Amino acid sequence: MPIEANMPAPEWSVESWFNHAGDLRLEDLRGRVVALEAFQMLCPGCVSHGLPQAQRIRETFDEADVAVVGLHSVFEHHQAMQPHALKAFLHEYGIRFPVGVDRPSSNGLPETMAMYAFRGTPSLLLFDRDGQLRAHHFGLVDDMTLGAEIQALLNPTRSGSTQPQT
Amino acid sequence: MPIEANMPAPEWSVESWFNHAGDLRLEDLRGRVVALEAFQMLCPGCVSHGLPQAQRIRETFDEADVAVVGLHSVFEHHQAMQPHALKAFLHEYGIRFPVGVDRPSSNGLPETMAMYAFRGTPSLLLFDRDGQLRAHHFGLVDDMTLGAEIQALLNPTRSGSTQPQT
Amino acid sequence: MPIEANMPAPEWSVESWFNHAGDLRLEDLRGRVVALEAFQMLCPGCVSHGLPQAQRIRETFDEADVAVVGLHSVFEHHQAMQPHALKAFLHEYGIRFPVGVDRPSSNGLPETMAMYAFRGTPSLLLFDRDGQLRAHHFGLVDDMTLGAEIQALLNPTRSGSTQPQT
Amino acid sequence: MPIEANMPAPEWSVESWFNHAGDLRLEDLRGRVVALEAFQMLCPGCVSHGLPQAQRIRETFDEADVAVVGLHSVFEHHQAMQPHALKAFLHEYGIRFPVGVDRPSSNGLPETMAMYAFRGTPSLLLFDRDGQLRAHHFGLVDDMTLGAEIQALLNPTRSGSTQPQT
């Protein structure tokens, strides 16, 4: 069953990390809002929109409040997008935030993608300070909406009724 | 003395309104966050950035929560930017939110501009639900930051410590 | 009868000039290709596309080979777009090439607009070195196509068969 | 010695082709202007500017007059940009014009890149109908200038004095 907003969010399944030493778990980021940008290095919409937007999140919010994490969820052209190629890509595009390699599975769909039922790439997931999934976007989302959604998670109302709509 | 953030905000001084019947006072908007976009119709940065951004605020947030108000604060080329010309401009650019004409004064600076010490146009002011001035931007501000600032005013934390930085 | 491409082109009818001392006739520009950008100062497509493109023509080609001329062809909101307002507009937008005021007529359509049958603004007309009309664009035209069209007029083939398509 | 404009241009050295059956030599394109876009699939400026511009050349000019050819000149991250990865890249980015793989050499610089002294990628070379190199751009060139340069090669003046400046 796919993960839905406001359900307890399971750990992502990552094979290896770039721009981060050691393992990095969602659980390690408790207390911070987490923006997870799932992408493929040869996906045009990820390169032109998703990743630059993730970089803007990194520049806009304080790192102590919002963690930005990339996830390389390869579901096509697997041979062309292996980790050694991703490393070159991240270098050329100047991406400095942690990027995990979504763990491959035998059916071609990487494990985190399958677990969270990504519809494709780019997919952007927002988790609140308690590690709950609160938004799941596929494709483009505009910056103003996204800025508001992240801020809503930083400053929830008492009633908890302010989750962004997905 | 200029108005500063977090001080009680005085009423704007408006001569006449477009896209709104009757008067519209800041006080009438209590309970809503107010985004006030001060512009001149012949200011290139207002036309290319400020006003389109104000329109995106209007599209992004619920009208019951956020009021978007334009203010035509003419401090140069007064003859070219009279209300009859503004009316044509608003029609051509498809601007539908209320726009007030900042009341002219004898020294060339309109009254609201002088009272709030606008440094020029575009200037964007954010007022909270209680009518307090909480942000004052001159020139360009990016959409993600602005989305976050508005949302912070919609959902303040208990401590009230989350005002955006101006 | 409207003027068509490859017919002898009549003189524009201009009431007054900005950025040019004295009169400026099409005939004065014989020997140069002429790009005539017809616009209205309150026309959004003119402000965002037509006039910036005319400025790029000015920057791209040698002034000895290509003349860029603006024409303010007001057919709506006449009161808001009088010459004194145009002067402020040209100043604010940094337009330095000569701009003529298309001569008003009693029916609201200015004379050059009527004579050349502009469909609206922006309209871009290209005249060859002999003063013949060779292209007439209404609305947007991309830069690469336009660069090629102007160059084709600068370097015609022997047969004269290379006029751009309108 | 590097190849200079207006010298007889040597054949490119290509290992294999995509979007073209069999070999494709510069000599085969005599009679047409040739735009050669040298790129790397992991070069951000190539992806955001060079290749989209090459596609606009393809759309703007008649294929009988102007040939657009891509050249994958890999001088860094060789493992990440092998032909099998290029194939996936061309598919994802919808590039339909012929793309050759610049033949690798033992020193890391591919043969055509070395022969023509590309300073990096993207590099755009223009050859005239006789196969002579007439322009060599490194980095960004604007569309209007490029449209004019290509047109100048299509319609040279009698004196031949109109080559674009490199």
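Each chain gets a letter, A, B, C and D, in the order it is written, and its residues are counted from 1.
Here, a residue touches a chain if its C-beta (ideal position, glycine included) is under 8 Å from a C-beta of that chain, and two chains touch if they have at least 3 such contacts.
Because the structure is predicted, anything quoted here is derived from the model rather than measured.
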Item checked: Shortest walk length in steps over touching chains, subunit A through to subunit C -> 2
Margin query: Let me check something: if the centre of a chain is the mean of its CA atoms, which chain is farthest from subunit A?
Written below: C
Check: So what's the Cα centroid distance for subunit B and subunit C, whole Å?
Finding: 37
Next item on the list: Mind checking the centre-to-centre distance between subunit B and subunit D? Centres are C-alpha means, answer in whole Å.
Entry: 50
Checklist line | Residue list for subunit D, restricted to those that touch at least two other chains | finding: none
Note to self: Thinking of each chain as a vertex joined to the chains it touches, would you call that graph a line, ring, star, complete, or other?
What the structure shows: ring
Check: Tell me, which parts of subunit B touch subunit A in their complex?
Finding: 56-57, 60-61, 142-152, 154-158, 162
Next item on the list: Would you tell me which residues of subunit B are touching subunit C in their complex?
Entry: 42-44, 47-48, 76-77, 79-81, 84-85, 87-89, 91-93
